[in-house]
Amino acid sequence: MTYSFSVVPRYAEIDQQGVVFNGHYLTWFDEAFTGFLDHVGLPYPELIASGVDVMVVHSELDYGGSVRWRDDARVEVTCERRGTTSFTLGFAVYRSADEVAVVGRNVYVVVVRDPETGAWSKAPGIPEKLAAALG
Amino acid sequence: MTYSFSVVPRYAEIDQQGVVFNGHYLTWFDEAFTGFLDHVGLPYPELIASGVDVMVVHSELDYGGSVRWRDDARVEVTCERRGTTSFTLGFAVYRSADEVAVVGRNVYVVVVRDPETGAWSKAPGIPEKLAAALG
Amino acid sequence: MTYSFSVVPRYAEIDQQGVVFNGHYLTWFDEAFTGFLDHVGLPYPELIASGVDVMVVHSELDYGGSVRWRDDARVEVTCERRGTTSFTLGFAVYRSADEVAVVGRNVYVVVVRDPETGAWSKAPGIPEKLAAALG
Amino acid sequence: MTYSFSVVPRYAEIDQQGVVFNGHYLTWFDEAFTGFLDHVGLPYPELIASGVDVMVVHSELDYGGSVRWRDDARVEVTCERRGTTSFTLGFAVYRSADEVAVVGRNVYVVVVRDPETGAWSKAPGIPEKLAAALG
């Protein structure tokens, strides 16, 4: 499954070379991830309320092109890998219908909250509902 | 008393017209305020730990000029007004030794934490130590 | 005429007190202004291409409340004043259907490009098309 | 050679979990790179003025820990690789004197400006002065 998240590049995100400053793509990935969770019926606040959270432990980005102001951009999200306690989402930033500017991925580790102490720790596995959402 | 806070304009803060995007000045004001509290011997975390906090209720900015990348910028902070439960700090953003680009001010309301309930509410007055710091 | 611009508060915009950091509202105002120009049929790039631009010379904000992550937020834009060479837009940030969190305004000065030299200077007046758009 | 760049984490960079939002580290890397160039006597504006620029084509980050507000942070920069037309800088974000929170790297491709057409293209090699600066 690929989920597509629309982005309107903000004027404040464009640097003096006329392109989106590279740090902002990680913000877009984060928003796209939140949108992805909504899309699969597992809104992030509900996930957290159920005692499950995810932590990004690794990011990578390849900048093959640039997104500019007024581009009709989107971020496509796919689950690249689902391990036992972590998963990897791939992100492809399109600057137009068919032109990819940037690709990247985040590795997420699943953590769970101890219902008694409230402390978070690495999950023994990916909770079923999240695993199903990841496909 | 005027406190001077140095700022290195970040490349990511410069927009495609080659100047600092206007929203970032409020971030600079905020950092300058934190620096001001350090300078007067009342670090922000200590203030909060003592059960006192401030909330910005009003901001205004006049953009008379622009700050550019590599400008040797600073924000000068002065207390413009000290009322009974609020105060106003003035901020002047210099883009060089003697050239002011932007001026502005924030109005802060002082809030205190009820030691029993932990709830925050408007302070009956500005705590002595903060009042002294404001001059 | 009031134009309404939807905003999804970004997780990266939320500070450790759980509310949108105040500097981001100016970014929202800016995006809402761009949306407003689209809405009135005068997209910003077309405006600039026609030799007309606007410069924000003054901003002010009153923070009566807070916007939080996952709020269904919007910015309502109204023209508060149309002078001979400048105009004022008012912005009201709603954190829900009927709850205003922040209000503010930007004063814009209209500048025009000399077709021969390419230099920008204060416009003699607000160009008709923009004036009509402002209502 | 390792160059150390001090960073004061901005309040606006801290998210509601109390840690620096991950996208900001790329901004820190960028500022650290600019500081690095200053340090080696090759300020970025001079580099560009000489017809040489660099483009980030790849970034990666491993988040082993978190930086918090008021941490005395720094970014250590080292040249990890110097190829014929590209180079890799490694960045280690310390949240205290000896505790690394995040490590990452950027791959930069060198581009040069054609003095006649003004167009930028991939450099045939890393210009001597920059190569020397990279060590």
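Order of writing sets the labels: A, B, C and D. Residues in every chain begin at 1.
Basically, contacts are C-beta pairs under 8 Å (C-beta built on N, C-alpha and C of every residue); 3 or more make two chains touch, one makes a residue touch a chain.
Note that the structure is predicted; figures quoted are calculated from it, not measured.
Visitor: From the C-alpha centres, identify the chain that is farthest from subunit A.
Guide: B
Visitor: Between A-B and A-D, which chain pair is linked by more C-beta pairs in contact?
Guide: By number of C-beta pairs in contact, A-D is the larger.
Visitor: Using mean C-alpha positions as chain centres, tell me how far subunit A is from subunit C in Å, no decimals.
Guide: It comes to 29 Å between the two C-alpha centres.
Visitor: Whole-Å distance, subunit A centre to subunit D centre, using C-alpha means?
Guide: Roughly 24 Å separates the two chain centres.
Visitor: Where the centres are mean C-alpha positions, what is the separation of subunit A from subunit B, in Å?
Guide: The mean C-alpha positions of subunit A and subunit B differ by 34 Å.
Visitor: Which residues of subunit B are in contact with two or more other chains?
Guide: 11-12, 21, 23-24, 27, 30
Visitor: Could you please specify the touching residues of subunit A with respect to subunit B in the complex?
Guide: Touching subunit B: residues 11-12, 14-18, 21, 23-24, 69 of subunit A.
Visitor: Can you name the residues of subunit D that touch subunit B in the complex?
Guide: Touch residues, subunit D against subunit B: 8, 10-12, 27, 30-31, 34, 43-45, 70.
Visitor: Considering the complex alone, what residue numbers of subunit B touch subunit C?
Guide: 21-27, 30, 55-64
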